[in-house]
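A single structure is presented below for examination.
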């Protein structure tokens, strides 16, 4: 039995992501049957449950193609005691507009929505419920609960949450922007990374000495080794305005030589490097790091004093 | 008379920032007496009021030392029709916990707060109002209004808003983290930048071709010229997960030769460069770009065929 | 009448290069008819004759595809008072093996050769004159003179020198390596560079502060601006073993914006920059520097506060 | 017994360098008593004797602080079958002006000199023997032999050569430039490099793909890893004018992690890398490469899933 915390209550997109991870066999050493889902009141609380040993993993959203980074996740990963990422999955974003059974659009005067959800269905609401008043909710599931409790007439929520609360959908698959997607991570206590698959992601948090050019120099450690840097996020360090830490994602695994070299170089160069893990992405997120086998064999031959039989001769 | 939109209602920190900008004479061509403040329902709405010609400028928050970037400001600046920044100011963050006159801590069962404000007084609330229930509000001023309307017992708000609503403060200067500050921009329609002062900031939004190393190459355009890059923010382009645009701030003015050269280089290199302006920061935000006068004179002498009288001889 | 010094005596390859420059109209403001050739005893002496005002220009070899740089030329250009390059030309290398009229291979026991020439006909001599003894000469023309004086039986020389001395050739067009070529420069006192042609070369001598990475940083000033660096030569500074100065050639003209920016950046960065000139190469020696007109116009519009009508909008 | 070829005849500076290497115990596995010196007619011939197995090592000059690189050494190391450097030593340059016993300055009408030697005593000759005619010689020892044979009156040579030929010195320690020094290498067949001493030099020859920026990118492989690049020499590839190969020296040993990483990166990046060896320099030639032990330990802990006990936490 493996316990996995997620942003609850039941019915959130995060729970759906967790079910998807479990079904795909991406929870290390566990199949779907042995996963026990533990709702948590917030993303930081889910991560703290891992830190406290209350659960084995947490499933948390990390970024959304419309809203960008999920800041509480970033800040908890960077600021609390070290955690590590072991898997990821991506969900298409699509909301259900839910009401009590029997209600119609004409009955809706108030709509509850988690602010991030409200931002993604703004155009739909303006078109279909132009006069309804928008009320804040703490999550998509909380919005549905507000409908069930009679506090509001409708909610921007998920099909899963509607089902939990006995509600029906006025509309499903609602989202303003096509291709809206959210990426979720499976986070656990530090441990050996899952084996290299050839389609992996490695992530670090850097704190950089405050000298001109230091950020570019740190980023160059990736490019100079042919490593594809796929994401950079800055977050304030909370010490003063204008001081930042940087979240970097690259294609590759700590067991790719190029990535290992880049990590060592960052460790020497930066004020602090926090390793967030290397994990499989299923499909490649960019260009693979260059293979090092041939160069490593060449170096081994040099050390033995056996130069290249054919090549290596500058002729 | 100059009309300036801000995130209302009356009493927000943004209004305080606007008052500070006007008092300091930082509204181009206008003194404090001629400024007319126009409350707006949101930051994007304030910026759109500039685009529509309804106001002359908007005052909007851009980043906070605890919460990081103000995402709606970034996205509106990058996505809507071009605007330009003309001034900035910074406010210390400090909240007032406000109630109806005569009420005390013992009377507080519910507290309204704008989520960003709630995040910055979490520890204070846990210590002083451990059992009070937190209710969401749309702004600091809205939270105060909820107290005035009798919907909640207390609000996390500002002294200015409390004054507007006839409330009193249980506590002033409340904030969990010392040194919490918010930076605000004065944004107008595109126009000639204010003159170079020697302590200036230049800001751009880049869209970069999706090739490995392209971001580092773009950032290097600053470092190679001795320009201090003080901030980098990435935001999703909203087209697909994993595609970003980058907000860069550097020390210097478009009339600093090094900055002008870097801008031209970015224009050649990037898919798109949006110039957000060059404006005075009052105090230097980092290392000044290298002066170019001497090198420019040297180059002019070479073109005339008059080598250095003393130096320039490699002896 | 323009006086041009060259490595004499009459009949050297350098004189042939000078004739070629004059015939092609590449001597500034002078046609072939008005050129007066002044033989000089060495390459540095020819350059010093320019410095002393005895001649208007000097024609000197700068590099050979087999032997590499012509060191006395490099050192004189870097160490003496400033000179400037105004034109260049390239000659195929091919020697004549010359004897007194009536002599044959069977008569040759001694062969005089300038060492650089000897190095380029080594295989030919080993094949055709395997037992002949090699004697040093001070130039190709001196080698021919030694034959005329009866000191040696044969000389590695040029057809022009053989003609001057009344000798005949055992073989013409002799050279071990195909594609052997020598490049020659026309050097004068500092003056306005010849106009940009679109196929130009710019050359500098750098002295670099002795810190790790300083050379790479200086070279990066070219690459970052898309300038093609076509040649780098290091020479000792003569102060201590391990201290060098660097000769760099790039494609482009001081009136190409990118080249002008790179020169200014080097002037700021390096201990010393000596500009050797910008001059036409006839055919492009590599990739042309990027044109700057479009970026410069964009920058000008930004300064006037007129953003791009169509583009420039990050949408 | 170890056989070592050198540029002969007896009495050259190269022989003196070889004696110095042997006396210092720098010939691998051999003391001075077991070294047999084998004179060779040229530097390439000495290196070819190693290639042919006729000798075990060759001692050859590689660079001089006044004249720069010794081109035949560079070209043979780069072009022939692979060889490897095992040791180096440096000699102060100082010539003896030698005559037959009993002769004085007044008797000298002709002076023989190896051209490289003549270049370094030019001022001395102009001052002390202003009217003597300079005659070319094939080596310093050959110059002395010409005196012994009665062909010339004096020679620019070495004390060792004068002793061999029974000559006396008009002057010792003659050299125009103070601090003139020559560096010599001990070259053998490829084999395991001598152990890392902490004060080592590593040398490679690169052939680089002909794309703009390729040289800078290759050089950056050193700088980005904190490796001090102490020397760069370009030499024509002999295929066409304007195509070069590059000789690079850096501080460090193939067993320094940073150097090993740089070598692997060059192997991936360049058209060809020829490793010339890693060998002790006695004193450090520049800044040592950064130690990697701490970073390597950190990486090993990450792979085991054991984050830093104290540090590594971005707090």
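Per-chain numbering from 1; labels A, B, C and D assigned in written order.
As a convention for this text, a contact is a pair of C-beta atoms (placed from the backbone, for glycine too) under 8 Å apart; a residue touches a chain by one contact, two chains touch by 3 or more.
Going by UniProt, the chains are A, B, C, D = Prephenate dehydratase.
These numbers were taken from a predicted model, which means no experiment stands behind them.
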Checklist entry - Tell me, which chains sit next to both chain A (Prephenate dehydratase) and chain D (Prephenate dehydratase)? => result none
Checklist entry - Using mean CA coordinates as chain centres, what's the chain A (Prephenate dehydratase)-chain B (Prephenate dehydratase) distance in Å? => result 27
Checklist entry - Roughly how far is chain A (Prephenate dehydratase) from chain C (Prephenate dehydratase), going centre to centre by Cα mean, in whole Å? => result 60
Checklist entry - How far is the middle of chain B (Prephenate dehydratase) from the middle of chain C (Prephenate dehydratase), if each middle is the mean of its Cα atoms, in Å? => result 56
Next on the checklist: Among all residues of chain A (Prephenate dehydratase), which ones touch two or more of the remaining chains?
Outcome noted: 217, 220, 226
Checklist outcome for this item: Full set of chain pairs in contact is A-B, A-D, B-C, C-D
Checklist entry - Quick one: in the complex, what on chain B (Prephenate dehydratase) touches chain A (Prephenate dehydratase)? => result 63-68, 71, 90, 115, 136, 138, 177, 179, 181-183, 212-213, 215-217, 219-220, 222-223, 226-236, 238-244, 246, 285-287
Item to check | Residue ranges of chain B (Prephenate dehydratase) touching chain C (Prephenate dehydratase) (in the complex, touch as defined) | outcome: 78-79, 81-82, 84, 190-193, 205, 207, 220-221, 224-226, 245, 254-255, 257, 260-261, 263-265, 267-268, 272-275, 290, 292, 294-296, 298-299, 302-307, 311-315
